[in-house]
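For reference, chains read A, B and C in written order, and residue numbers begin at 1 within each chain.
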Amino acid sequence: MPQRRAYLNITPQVEEFVRESGIEHGLCLVNPMHITAAVYVNDDERGLIQDYDEWLERLAPHEPVSQYRHNNGEDNADAHLKRQLMAHQVVLAITDGRLDLGPWEQVFYAEFDGQRRKRVLVKAIGE
Amino acid sequence: MPQRRAYLNITPQVEEFVRESGIEHGLCLVNPMHITAAVYVNDDERGLIQDYDEWLERLAPHEPVSQYRHNNGEDNADAHLKRQLMAHQVVLAITDGRLDLGPWEQVFYAEFDGQRRKRVLVKAIGE
Amino acid sequence: MPQRRAYLNITPQVEEFVRESGIEHGLCLVNPMHITAAVYVNDDERGLIQDYDEWLERLAPHEPVSQYRHNNGEDNADAHLKRQLMAHQVVLAITDGRLDLGPWEQVFYAEFDGQRRKRVLVKAIGE
(Lines give C-alpha, C1' and ligand atoms only; values in the text may rest on other atoms or scores of the structure.)
Protein backbone atom coordinates (compact mmCIF):
# COMPACT_ATOMS: atom_id res chain seq x y z
CA MET A 1 0.00 0.00 0.00
CA PRO A 2 1.91 3.07 -1.18
CA GLN A 3 0.15 5.84 0.80
CA ARG A 4 -0.08 6.13 4.60
CA ARG A 5 -3.85 5.96 4.75
CA ALA A 6 -6.18 4.03 2.46
CA TYR A 7 -9.75 2.69 2.44
CA LEU A 8 -10.37 -0.54 0.56
CA ASN A 9 -13.79 -2.07 -0.13
CA ILE A 10 -13.24 -5.75 0.76
CA THR A 11 -16.88 -6.84 0.49
CA PRO A 12 -16.24 -9.09 -2.54
CA GLN A 13 -13.46 -10.97 -0.72
CA VAL A 14 -15.61 -11.46 2.39
CA GLU A 15 -18.54 -12.64 0.28
CA GLU A 16 -16.26 -15.10 -1.51
CA PHE A 17 -15.02 -16.40 1.84
CA VAL A 18 -18.59 -16.93 3.05
CA ARG A 19 -19.55 -18.74 -0.17
CA GLU A 20 -16.59 -21.09 0.14
CA SER A 21 -17.29 -21.75 3.83
CA GLY A 22 -20.61 -23.40 2.93
CA ILE A 23 -22.23 -21.83 5.99
CA GLU A 24 -25.92 -21.08 5.43
CA HIS A 25 -26.76 -19.38 8.70
CA GLY A 26 -24.23 -17.87 11.08
CA LEU A 27 -21.94 -15.02 12.04
CA CYS A 28 -18.78 -13.81 10.35
CA LEU A 29 -16.05 -11.85 12.13
CA VAL A 30 -13.89 -9.55 9.97
CA ASN A 31 -10.89 -8.28 11.91
CA PRO A 32 -7.65 -6.59 10.84
CA MET A 33 -4.65 -8.47 12.21
CA HIS A 34 -2.68 -5.22 12.37
CA ILE A 35 -3.40 -2.80 15.21
CA THR A 36 -3.13 0.41 13.17
CA ALA A 37 -6.00 -0.59 10.89
CA ALA A 38 -9.78 -0.87 11.17
CA VAL A 39 -12.48 -2.88 9.49
CA TYR A 40 -15.75 -0.98 9.37
CA VAL A 41 -19.08 -0.98 7.53
CA ASN A 42 -20.35 2.05 5.67
CA ASP A 43 -21.08 3.52 2.25
CA ASP A 44 -18.71 3.16 -0.71
CA GLU A 45 -18.96 6.82 -1.67
CA ARG A 46 -15.82 8.77 -2.54
CA GLY A 47 -16.87 12.01 -0.83
CA LEU A 48 -17.72 10.21 2.41
CA ILE A 49 -14.36 8.44 2.46
CA GLN A 50 -12.61 11.81 2.15
CA ASP A 51 -14.82 13.14 4.95
CA TYR A 52 -13.83 10.22 7.17
CA ASP A 53 -10.17 10.75 6.40
CA GLU A 54 -10.19 14.48 7.22
CA TRP A 55 -12.31 13.96 10.32
CA LEU A 56 -10.05 11.23 11.71
CA GLU A 57 -7.04 13.45 11.05
CA ARG A 58 -8.75 16.27 12.97
CA LEU A 59 -9.63 14.12 16.01
CA ALA A 60 -6.32 12.19 16.06
CA PRO A 61 -3.74 14.18 14.06
CA HIS A 62 -0.59 12.60 12.70
CA GLU A 63 1.51 15.75 13.19
CA PRO A 64 3.34 16.75 15.26
CA VAL A 65 4.50 13.17 15.80
CA SER A 66 6.31 14.30 18.96
CA GLN A 67 2.98 14.87 20.75
CA TYR A 68 2.65 11.11 21.33
CA ARG A 69 4.74 9.07 23.79
CA HIS A 70 4.38 5.98 21.57
CA ASN A 71 6.38 7.78 18.87
CA ASN A 72 9.72 6.85 20.32
CA GLY A 73 11.35 5.40 17.23
CA GLU A 74 7.83 5.10 15.72
CA ASP A 75 5.60 7.68 14.04
CA ASN A 76 2.30 5.82 13.96
CA ALA A 77 0.66 6.58 17.34
CA ASP A 78 -2.14 8.46 15.57
CA ALA A 79 -2.97 5.31 13.60
CA HIS A 80 -3.61 3.38 16.83
CA LEU A 81 -6.05 6.15 17.87
CA LYS A 82 -7.82 6.45 14.52
CA ARG A 83 -8.49 2.74 14.38
CA GLN A 84 -10.32 2.84 17.74
CA LEU A 85 -12.52 5.73 16.52
CA MET A 86 -13.65 3.59 13.58
CA ALA A 87 -14.38 0.70 16.01
CA HIS A 88 -11.75 -1.61 14.52
CA GLN A 89 -13.77 -4.77 13.65
CA VAL A 90 -17.20 -5.93 12.52
CA VAL A 91 -19.39 -8.99 12.86
CA LEU A 92 -21.66 -9.74 9.91
CA ALA A 93 -24.70 -11.98 9.68
CA ILE A 94 -24.85 -14.86 7.19
CA THR A 95 -28.34 -15.78 5.96
CA ASP A 96 -29.11 -18.33 3.24
CA GLY A 97 -25.41 -18.71 2.54
CA ARG A 98 -24.78 -15.00 1.88
CA LEU A 99 -23.72 -11.90 3.78
CA ASP A 100 -26.88 -10.34 5.15
CA LEU A 101 -26.08 -6.68 4.41
CA GLY A 102 -28.37 -3.65 4.32
CA PRO A 103 -28.74 -1.87 0.98
CA TRP A 104 -25.73 0.44 1.45
CA GLU A 105 -23.61 -1.62 3.84
CA GLN A 106 -20.15 -2.28 2.43
CA VAL A 107 -17.17 -3.70 4.34
CA PHE A 108 -14.01 -1.59 4.35
CA TYR A 109 -10.45 -2.20 5.42
CA ALA A 110 -9.01 1.15 6.54
CA GLU A 111 -5.27 1.34 6.87
CA PHE A 112 -3.82 4.25 8.86
CA ASP A 113 -0.14 3.30 8.77
CA GLY A 114 0.47 1.90 5.32
CA GLN A 115 3.57 0.89 3.41
CA ARG A 116 3.48 -2.58 4.97
CA ARG A 117 1.76 -5.78 3.92
CA LYS A 118 -1.46 -6.18 5.88
CA ARG A 119 -3.70 -9.14 6.68
CA VAL A 120 -7.36 -9.52 7.60
CA LEU A 121 -8.79 -12.39 9.62
CA VAL A 122 -12.21 -13.61 8.51
CA LYS A 123 -13.85 -16.25 10.69
CA ALA A 124 -17.32 -17.63 10.13
CA ILE A 125 -19.30 -19.99 12.33
CA GLY A 126 -22.74 -21.48 11.90
CA GLU A 127 -24.25 -24.34 9.98
CA MET B 1 -39.14 8.96 13.34
CA PRO B 2 -40.05 12.66 13.33
CA GLN B 3 -36.80 14.20 14.64
CA ARG B 4 -33.35 13.92 13.03
CA ARG B 5 -31.70 12.20 15.98
CA ALA B 6 -33.29 9.78 18.43
CA TYR B 7 -32.25 7.12 20.94
CA LEU B 8 -34.57 4.15 21.39
CA ASN B 9 -34.21 1.45 24.03
CA ILE B 10 -34.75 -1.76 22.01
CA THR B 11 -33.82 -4.20 24.79
CA PRO B 12 -37.37 -5.63 25.07
CA GLN B 13 -37.49 -6.40 21.34
CA VAL B 14 -34.08 -8.08 21.40
CA GLU B 15 -35.05 -10.11 24.47
CA GLU B 16 -38.25 -11.19 22.74
CA PHE B 17 -36.25 -12.25 19.68
CA VAL B 18 -33.91 -14.33 21.85
CA ARG B 19 -36.81 -15.99 23.65
CA GLU B 20 -38.46 -16.93 20.38
CA SER B 21 -35.19 -18.26 18.92
CA GLY B 22 -35.11 -21.00 21.56
CA ILE B 23 -31.33 -20.59 21.85
CA GLU B 24 -30.07 -21.37 25.35
CA HIS B 25 -26.39 -20.57 24.95
CA GLY B 26 -24.95 -18.43 22.18
CA LEU B 27 -24.22 -15.03 20.70
CA CYS B 28 -26.61 -12.44 19.32
CA LEU B 29 -25.61 -9.74 16.83
CA VAL B 30 -27.68 -6.53 16.84
CA ASN B 31 -26.85 -4.38 13.83
CA PRO B 32 -28.62 -1.41 12.24
CA MET B 33 -29.23 -2.03 8.54
CA HIS B 34 -28.93 1.69 7.86
CA ILE B 35 -25.48 3.27 7.78
CA THR B 36 -26.39 6.51 9.55
CA ALA B 37 -27.47 4.69 12.70
CA ALA B 38 -25.75 2.87 15.56
CA VAL B 39 -26.69 0.12 17.96
CA TYR B 40 -24.89 0.53 21.28
CA VAL B 41 -25.12 -0.63 24.89
CA ASN B 42 -25.28 1.81 27.78
CA ASP B 43 -27.50 3.24 30.50
CA ASP B 44 -31.13 4.23 29.93
CA GLU B 45 -30.76 7.57 31.71
CA ARG B 46 -32.22 10.71 30.18
CA GLY B 47 -29.34 13.01 31.18
CA LEU B 48 -26.76 10.66 29.73
CA ILE B 49 -28.61 10.42 26.43
CA GLN B 50 -28.61 14.22 26.18
CA ASP B 51 -24.88 14.19 27.02
CA TYR B 52 -24.25 11.69 24.21
CA ASP B 53 -26.25 13.77 21.78
CA GLU B 54 -24.44 17.03 22.53
CA TRP B 55 -21.04 15.34 22.57
CA LEU B 56 -21.59 13.63 19.21
CA GLU B 57 -22.74 16.94 17.76
CA ARG B 58 -19.54 18.58 19.05
CA LEU B 59 -17.21 15.90 17.61
CA ALA B 60 -19.09 15.51 14.33
CA PRO B 61 -21.27 18.60 13.81
CA HIS B 62 -24.23 18.63 11.43
CA GLU B 63 -23.73 22.28 10.46
CA PRO B 64 -22.39 23.70 8.24
CA VAL B 65 -23.48 20.87 5.95
CA SER B 66 -21.16 22.25 3.25
CA GLN B 67 -18.08 21.20 5.26
CA TYR B 68 -18.56 17.59 4.08
CA ARG B 69 -17.90 16.30 0.57
CA HIS B 70 -20.58 13.64 1.00
CA ASN B 71 -23.19 16.40 1.25
CA ASN B 72 -23.60 16.76 -2.47
CA GLY B 73 -27.36 16.47 -2.72
CA GLU B 74 -27.31 14.94 0.81
CA ASP B 75 -27.06 16.55 4.23
CA ASN B 76 -26.32 13.52 6.40
CA ALA B 77 -22.52 13.15 6.31
CA ASP B 78 -22.32 13.91 10.04
CA ALA B 79 -24.64 10.96 10.72
CA HIS B 80 -22.15 8.58 9.05
CA LEU B 81 -19.44 9.95 11.36
CA LYS B 82 -21.52 9.89 14.55
CA ARG B 83 -22.46 6.27 14.03
CA GLN B 84 -18.79 5.23 13.88
CA LEU B 85 -18.07 7.08 17.16
CA MET B 86 -20.77 5.03 18.88
CA ALA B 87 -19.25 1.85 17.39
CA HIS B 88 -22.30 1.00 15.26
CA GLN B 89 -23.15 -2.59 16.38
CA VAL B 90 -23.07 -4.91 19.39
CA VAL B 91 -22.77 -8.61 20.06
CA LEU B 92 -24.59 -9.88 23.14
CA ALA B 93 -24.21 -13.13 25.05
CA ILE B 94 -27.15 -15.51 25.50
CA THR B 95 -27.04 -17.64 28.68
CA ASP B 96 -29.84 -19.94 29.87
CA GLY B 97 -32.07 -18.67 27.10
CA ARG B 98 -31.80 -14.99 28.05
CA LEU B 99 -29.68 -11.96 27.18
CA ASP B 100 -26.73 -12.01 29.56
CA LEU B 101 -26.62 -8.28 30.38
CA GLY B 102 -24.85 -6.47 33.21
CA PRO B 103 -27.06 -4.63 35.72
CA TRP B 104 -27.18 -1.36 33.74
CA GLU B 105 -26.61 -2.63 30.20
CA GLN B 106 -29.43 -1.65 27.87
CA VAL B 107 -29.45 -1.94 24.08
CA PHE B 108 -30.11 1.27 22.14
CA TYR B 109 -30.85 2.06 18.54
CA ALA B 110 -29.46 5.53 17.83
CA GLU B 111 -30.68 7.21 14.70
CA PHE B 112 -28.68 10.20 13.41
CA ASP B 113 -30.56 10.86 10.17
CA GLY B 114 -34.19 10.20 10.96
CA GLN B 115 -37.41 10.80 9.07
CA ARG B 116 -37.05 7.47 7.32
CA ARG B 117 -38.22 3.97 8.23
CA LYS B 118 -35.30 2.07 9.77
CA ARG B 119 -34.56 -1.62 10.29
CA VAL B 120 -32.39 -3.56 12.71
CA LEU B 121 -30.92 -6.97 11.99
CA VAL B 122 -30.83 -9.35 14.95
CA LYS B 123 -29.07 -12.66 14.40
CA ALA B 124 -28.52 -15.27 17.09
CA ILE B 125 -26.53 -18.47 16.90
CA GLY B 126 -25.91 -21.16 19.45
CA GLU B 127 -27.80 -24.14 20.74
CA MET C 1 -8.91 -0.54 41.39
CA PRO C 2 -7.43 2.45 43.25
CA GLN C 3 -7.18 5.00 40.43
CA ARG C 4 -10.06 6.37 38.35
CA ARG C 5 -8.70 5.16 35.01
CA ALA C 6 -6.69 2.02 34.37
CA TYR C 7 -5.74 -0.26 31.47
CA LEU C 8 -5.27 -3.95 32.23
CA ASN C 9 -3.95 -6.56 29.80
CA ILE C 10 -6.41 -9.44 30.25
CA THR C 11 -5.14 -11.60 27.38
CA PRO C 12 -3.86 -14.37 29.70
CA GLN C 13 -7.24 -14.70 31.41
CA VAL C 14 -9.11 -14.82 28.09
CA GLU C 15 -6.66 -17.42 26.74
CA GLU C 16 -7.16 -19.50 29.87
CA PHE C 17 -10.92 -19.28 29.43
CA VAL C 18 -10.66 -20.46 25.82
CA ARG C 19 -8.38 -23.37 26.78
CA GLU C 20 -10.81 -24.51 29.45
CA SER C 21 -13.79 -24.19 27.11
CA GLY C 22 -12.38 -26.95 24.90
CA ILE C 23 -13.55 -25.07 21.80
CA GLU C 24 -11.28 -25.65 18.81
CA HIS C 25 -12.88 -23.38 16.28
CA GLY C 26 -15.24 -20.53 17.13
CA LEU C 27 -15.82 -16.99 18.28
CA CYS C 28 -15.25 -15.46 21.70
CA LEU C 29 -17.00 -12.31 22.93
CA VAL C 30 -15.20 -10.26 25.59
CA ASN C 31 -17.49 -7.63 27.07
CA PRO C 32 -17.25 -5.47 30.20
CA MET C 33 -20.36 -5.86 32.34
CA HIS C 34 -19.98 -2.29 33.57
CA ILE C 35 -21.00 0.56 31.28
CA THR C 36 -18.14 2.92 32.13
CA ALA C 37 -15.51 0.46 30.89
CA ALA C 38 -14.31 -0.82 27.54
CA VAL C 39 -12.66 -3.97 26.28
CA TYR C 40 -10.42 -3.25 23.29
CA VAL C 41 -7.56 -4.81 21.35
CA ASN C 42 -4.27 -3.01 20.80
CA ASP C 43 -0.59 -2.95 21.69
CA ASP C 44 0.69 -3.48 25.23
CA GLU C 45 3.07 -0.52 25.08
CA ARG C 46 3.29 1.90 27.98
CA GLY C 47 3.67 5.04 25.85
CA LEU C 48 0.65 4.15 23.74
CA ILE C 49 -1.50 3.57 26.80
CA GLN C 50 -0.60 7.03 28.08
CA ASP C 51 -1.41 8.44 24.64
CA TYR C 52 -4.84 6.77 24.74
CA ASP C 53 -5.49 8.11 28.20
CA GLU C 54 -4.62 11.72 27.35
CA TRP C 55 -6.48 11.57 24.04
CA LEU C 56 -9.66 10.20 25.64
CA GLU C 57 -9.45 12.89 28.29
CA ARG C 58 -9.16 15.53 25.54
CA LEU C 59 -12.16 14.24 23.53
CA ALA C 60 -14.33 13.49 26.58
CA PRO C 61 -12.97 15.46 29.55
CA HIS C 62 -13.80 14.55 33.13
CA GLU C 63 -13.75 18.17 34.31
CA PRO C 64 -15.78 20.26 34.76
CA VAL C 65 -18.16 17.54 35.92
CA SER C 66 -21.01 20.06 35.79
CA GLN C 67 -20.87 20.11 31.97
CA TYR C 68 -22.77 16.79 31.84
CA ARG C 69 -26.44 16.32 32.66
CA HIS C 70 -25.78 12.75 33.80
CA ASN C 71 -23.65 14.15 36.66
CA ASN C 72 -26.59 14.73 38.93
CA GLY C 73 -25.33 12.98 42.02
CA GLU C 74 -22.77 11.19 39.78
CA ASP C 75 -19.45 12.36 38.38
CA ASN C 76 -18.79 9.66 35.78
CA ALA C 77 -20.54 10.89 32.60
CA ASP C 78 -17.18 11.22 30.85
CA ALA C 79 -16.52 7.52 31.49
CA HIS C 80 -19.69 6.58 29.57
CA LEU C 81 -18.41 8.67 26.63
CA LYS C 82 -14.83 7.39 26.72
CA ARG C 83 -15.96 3.77 26.64
CA GLN C 84 -17.92 4.37 23.40
CA LEU C 85 -14.83 5.95 21.77
CA MET C 86 -12.86 2.78 22.50
CA ALA C 87 -15.70 0.71 21.00
CA HIS C 88 -16.53 -1.05 24.30
CA GLN C 89 -16.29 -4.79 23.33
CA VAL C 90 -14.43 -7.20 21.08
CA VAL C 91 -15.06 -10.52 19.37
CA LEU C 92 -12.03 -12.76 18.95
CA ALA C 93 -11.50 -15.77 16.71
CA ILE C 94 -10.62 -19.18 18.15
CA THR C 95 -8.55 -21.43 15.85
CA ASP C 96 -7.06 -24.79 16.82
CA GLY C 97 -8.14 -24.25 20.40
CA ARG C 98 -6.38 -20.91 20.84
CA LEU C 99 -7.10 -17.20 20.47
CA ASP C 100 -6.26 -16.30 16.88
CA LEU C 101 -4.48 -12.99 17.51
CA GLY C 102 -2.23 -10.96 15.23
CA PRO C 103 1.38 -10.48 16.35
CA TRP C 104 0.70 -7.35 18.44
CA GLU C 105 -2.95 -7.86 19.32
CA GLN C 106 -3.52 -7.85 23.07
CA VAL C 107 -6.87 -7.67 24.87
CA PHE C 108 -7.32 -4.82 27.35
CA TYR C 109 -9.88 -3.98 29.97
CA ALA C 110 -10.03 -0.19 30.25
CA GLU C 111 -11.74 1.19 33.30
CA PHE C 112 -12.76 4.86 33.22
CA ASP C 113 -14.59 5.08 36.55
CA GLY C 114 -12.60 2.92 38.94
CA GLN C 115 -12.73 2.35 42.66
CA ARG C 116 -15.37 -0.33 42.21
CA ARG C 117 -15.13 -4.05 41.62
CA LYS C 118 -15.59 -4.78 37.93
CA ARG C 119 -16.53 -7.87 35.95
CA VAL C 120 -15.94 -9.02 32.38
CA LEU C 121 -18.17 -11.41 30.50
CA VAL C 122 -16.38 -13.89 28.23
CA LYS C 123 -18.54 -16.09 26.06
CA ALA C 124 -17.23 -18.56 23.49
CA ILE C 125 -19.18 -20.58 20.98
CA GLY C 126 -18.03 -23.08 18.39
CA GLU C 127 -17.01 -26.72 18.38
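Note that a contact is a pair of C-beta atoms (placed from the backbone, for glycine too) under 8 Å apart; a residue touches a chain by one contact, two chains touch by 3 or more.
Fair warning: this is a prediction, and the values are worked out from it, not measured in the lab.
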| query | Which is it for copies chain B and chain C: same residues on both faces, with over half shared, or different residues? | reply | different
| request: Just send me the rotation angle from a CA overlay of chain A on chain C, rounded to the nearest 5 degrees. | output: 120
| field | Approximate Å spacing (C-alpha centroids) for the pair chain B, chain C | value | 19
| task | Find every residue in chain B that makes contact with two or more other chains and list them. | result | 27, 59, 85, 87, 91, 125
| remark: Touching chain B in the complex, chain A uses residues 25-27, 40-43, 45-48, 50-52, 55, 59, 85-87, 90-93, 95, 100-105, 125-126
| Can you list the chain A residues touching chain C in their complex? | 27, 29, 31-35, 59-60, 68-72, 77, 80-81, 83-85, 87-89, 91, 119, 121, 123, 125
